[in-house]
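Okay, got some structures for you below.
Two complexes follow with chain A in common, the first pairing it with chain B and the second with chain C.
Then we have the complex of A and B:
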């Protein structure tokens, strides 16, 4: 009996020791998260409640309700982010599928061409689109000389131009995780599906597609969240009419000389994003997305 | 022995940058052909003469200064700014007071010699048009700029409030001398905004920089735009089909200021004194059609009569224009800017 009790105490001690060890090992990581994530975000919340006179105030939030432009800017931001994500899926998924069906050597070459734009500055790529898409740009010139349309069409300095630029920049973020998920699929599964009588379409939608979902979710989430913070591309390709939250943050600092006015926008964007992700998680299994890659 | 060498090395490493810093300033301006002109006429000659090392940057205006000063990370020693925003920034305490015992501004146009900001050049906000679309007989007033039947075509307009409301009111029939009186209330500002709303379907681009509106005209992206006269002359020199008129234009000036807490304040003051001298200012019109703020620059013989006649500040041209009111900007810019942004997002 006594032996058992001693043993029990020993086990408890071991357990505590192990817990401490684990905590000790992970403490740098916890500290890191605290310093680079929790503190700044907390600070952001705090500053957003500081008014122009340096005292606690709700004026930064009241302004967002009173001025109609804020609602419009948030609508534009989410609209652009949704559309960009949708277009990236429409273009990126088939492309990733195509690449995944190629022999590895060719697929690698294809992936390099997908990744190549990453090595060019975002600003350069955005201005390149401006040159291509403007009224007397290459796209309009060629289309007119090929007889596709007669008059130059408006494809930049508006929403269209902004979307073209953003989809181009965001595509690799979607293609890579989707491609990873597709490569990880055991092709014998497809053979098994056919063997069990599924036609190619059924095999694709019933077996292949669900297996790529984690990658697709991870990619889409990444694209969507990155889009929310875009600044350069809408500023250059939007013609001054497509105004996203980040642009408003800059002009608020300029206008009100007050970090709070800008922080409040950041807080609202953060909260709205979390709410949207929370709603999305009710319908989709985000857990699989965060596992990512399909490996 | 070894320790000694190390010490010497270390001292040398510490000392060298300190020595270099002695005579070094960082200047931020607006980029494009404007900064190029400033660089050739002012900064490079001043660097050669005084030995002050000048580091040039471009920046986004007084908002950058605001950020730097409020976060205590001031890296800029001198900024080139529009007069209105400098006046506002000065009033907010973002700028160092200028020392006119060092800077000799006695022969300056009196209004361009501010407490926080010393004039650099006189420029105009004008309307410019594509001569391929309209020929030489383009719009001759702001009413013409608004007249889409007489002058069909795409417009560009400023994306910020500075210099954007006055033209709208003039197009709406307000006499130039009454413009600021009308703008002295929210209803007046709203009236100007309504006029811009009316033109909005024809405004393709709201531009945000001088380099941008020059490029828009060069590329033929729009047929007509507002903008700063010197940029259009330089674009025309590069082959752009662009002309502008001084009639009803807004006469304004650019200036140099020192951000509060600038790392090399004393050297900056010294450099401002240098580039305010007539022998520098008289070179600027050679590179961009902006007039000197130091009237002595007209007497050095460097500015020819022809050149002077083309400048915004020449008596004939100035008579056609409306001077920008710094008092109005100091009082109303924040409110007007917010209302302008509302209009932009509609």
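Then we have the complex of A and C:
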């Protein structure tokens, strides 16, 4: 009887070598993630538990629970994030639908205009809104001359201004995944729905909308999470009256040089974001959603 | 359907098409890709708006009716099953749209699934089904609401050959069982011949011939149909005072001479006999030289040159006797065609 397990040792060795090679190739990336992500976040956690006297304490977290101002800041942050996401859906979904119905060449042109703002600096766009929305700005001037309202109204340095700016900046993050999901829908499906007796409204809500849901969820989630940690736009257009978590972090460091308090805020924001993602993942498959919602 | 025309730019996708589908019949639109057969189906279903024309179901003009009010069942080449619904969800969709009570929906869905031999598959997800099963679900969904007409757009083109053959028979049985008027689109002539009561051959946006499968094959109305359905060789026919001739050989015909001025003779490879005893009386005989003989198991294919230089193909049955005496290339042979198989058609290009 010949040996039935010919070359077994050699093949095993080849397999091990292959695995090592793979590991070797990805090690720079792993190292990178370790240095710029895992270590800083770990350090952030550590600092958040260091009190003013330099010893371990929970005072940074206790302060957050005890002081009313912190509760208000978190409420504002979630309020703005929810409203921004909602408005983005209301404006972005119909626009994405419109683009998805255009012939490919026109749709590409449309997408470029959607993406164009990404080429200008966030700061520039935010200050542009400031100019447009101020008391003697373009929007007020026109509205008055058109007779929409009589007195200049306050549409900046408050919640309204912040929302306008935020929605403008976040819109592309919603439109792109939704558009992707819409493009992925087989046109025959809509024909089939119609053929089976669905009027356009029922075909939309029964077939089209459910199929875009993964894309819509992905886009909304992205907008919401980006909003939670947003700084520039609310800082400029809120005029100091709309305080979000990120702004409190900045003031903790710049004004009070309290790294512990700032870190604790960062940790809470991070944990909240992770919790939201975790909840969202219960409802939809994030992996397919980020692929553009195609089934 | 009468006088339906649809142009895309300068291209006539449909050119003054008129067609009558009889109640309960299985009618196939057969044609090469780009012939307009799918456009015709889309006009029927209401997805394509023609430039002009009339479309009637019974006495009711429906050309301007939107698709969702036409009450037609349709299956798509891509099946077009809704991926976010279960099998039962898909099949029940047209019933739910018609506000059929829940219990009845469940009953009729199960019935339709049994009809396509998918009983008990209701809870499956669409992506758990094979191609053949998806096709069945699509059929179930199209018949469950008992539409006036069932439209099928190349429903079997995505399946492998074996499954396709099986589904052809199954769909045919289904049609016999339900008696539902069916309009079927395909580019596969064998499929069309197998399944249809009548076939409309479509080319360049026009109907070339509308006939039963047998008439279409035996008596094609023109050269396009003869060429498209089955294999055939065409020989030029010359008119003479005493009749017609091919390559100086006067033809014996079983039917009166067609009226068209220019005629060609259509020869089906399988209708030619190889005569071992020279020219046969009462038949049309052609002397030829074999150029190639291909043994194909169940039959053999013989290519030969006629005296006039024209190439001709014949297919013969292989039997224990004929297999040992197949001609070799270069052999002088006599090809015999019975008068019934000598078909003359209009030579004009359509």
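Here is the rule we use: the second predicted complex is superposed on the first by the 235 of 295 C-alpha atoms of A that agree within 3 Å, B and C clash if a C-alpha of one lies under 4 Å from a C-alpha of the other, contacts with A are read in each partner's own complex, and residues count from 1 in each chain.
Here is the rule we go by: a residue touches a chain if its C-beta (ideal position, glycine included) is under 8 Å from a C-beta of that chain, and two chains touch if they have at least 3 such contacts.
Given the structure is predicted, the values throughout are model-derived calculations rather than measurements.
Once both complexes are superposed on chain A, the partners chain B and chain C fit side by side without clashing. In the superposition on chain A, A:109 makes contact with neither chain B nor chain C.
With both structures placed on the common chain, the touch criterion links A:199 to chain C but leaves chain B unconnected. Of the two partners, chain B and chain C, it is B that touches more residues of chain A.
In the superposition on chain A, A:254 makes contact with chain B only, while chain C stays out of contact range.
In the superposed model, A:30 makes contact with neither chain B nor chain C.
Contact with chain C, but none with chain B, is seen for A:191 once the two complexes are overlaid on the shared chain. Applying the stated contact rule after C-alpha superposition, one finds that A:38 touches neither chain B nor chain C. Once the two complexes are overlaid on the shared chain, A:17 sits clear of chain B and of chain C alike. The superposed three-chain arrangement places the nearest Cα atoms of chain B and chain C 46 Å from each other.
Per the touch definition, chain A reaches chain C in the complex via residues 186, 188-189, 191-200, 202-203, 206-207, 210-211, 295.
The touching residues of chain A, when paired with chain B in their complex, are 67-69, 72-73, 76, 134-137, 154, 157, 235, 239-241, 243, 248, 250-251, 253-257, 259. The residues of chain C lying in touch with chain A in their complex are 45-47, 66-74, 76-78, 80-84, 93-94, 97-98, 127, 141-142, 145. Chain B makes touch with chain A in their complex at residues 61-63, 66-67, 70, 92, 159, 204-208, 219-221, 334, 337-338, 341-342, 344-346.
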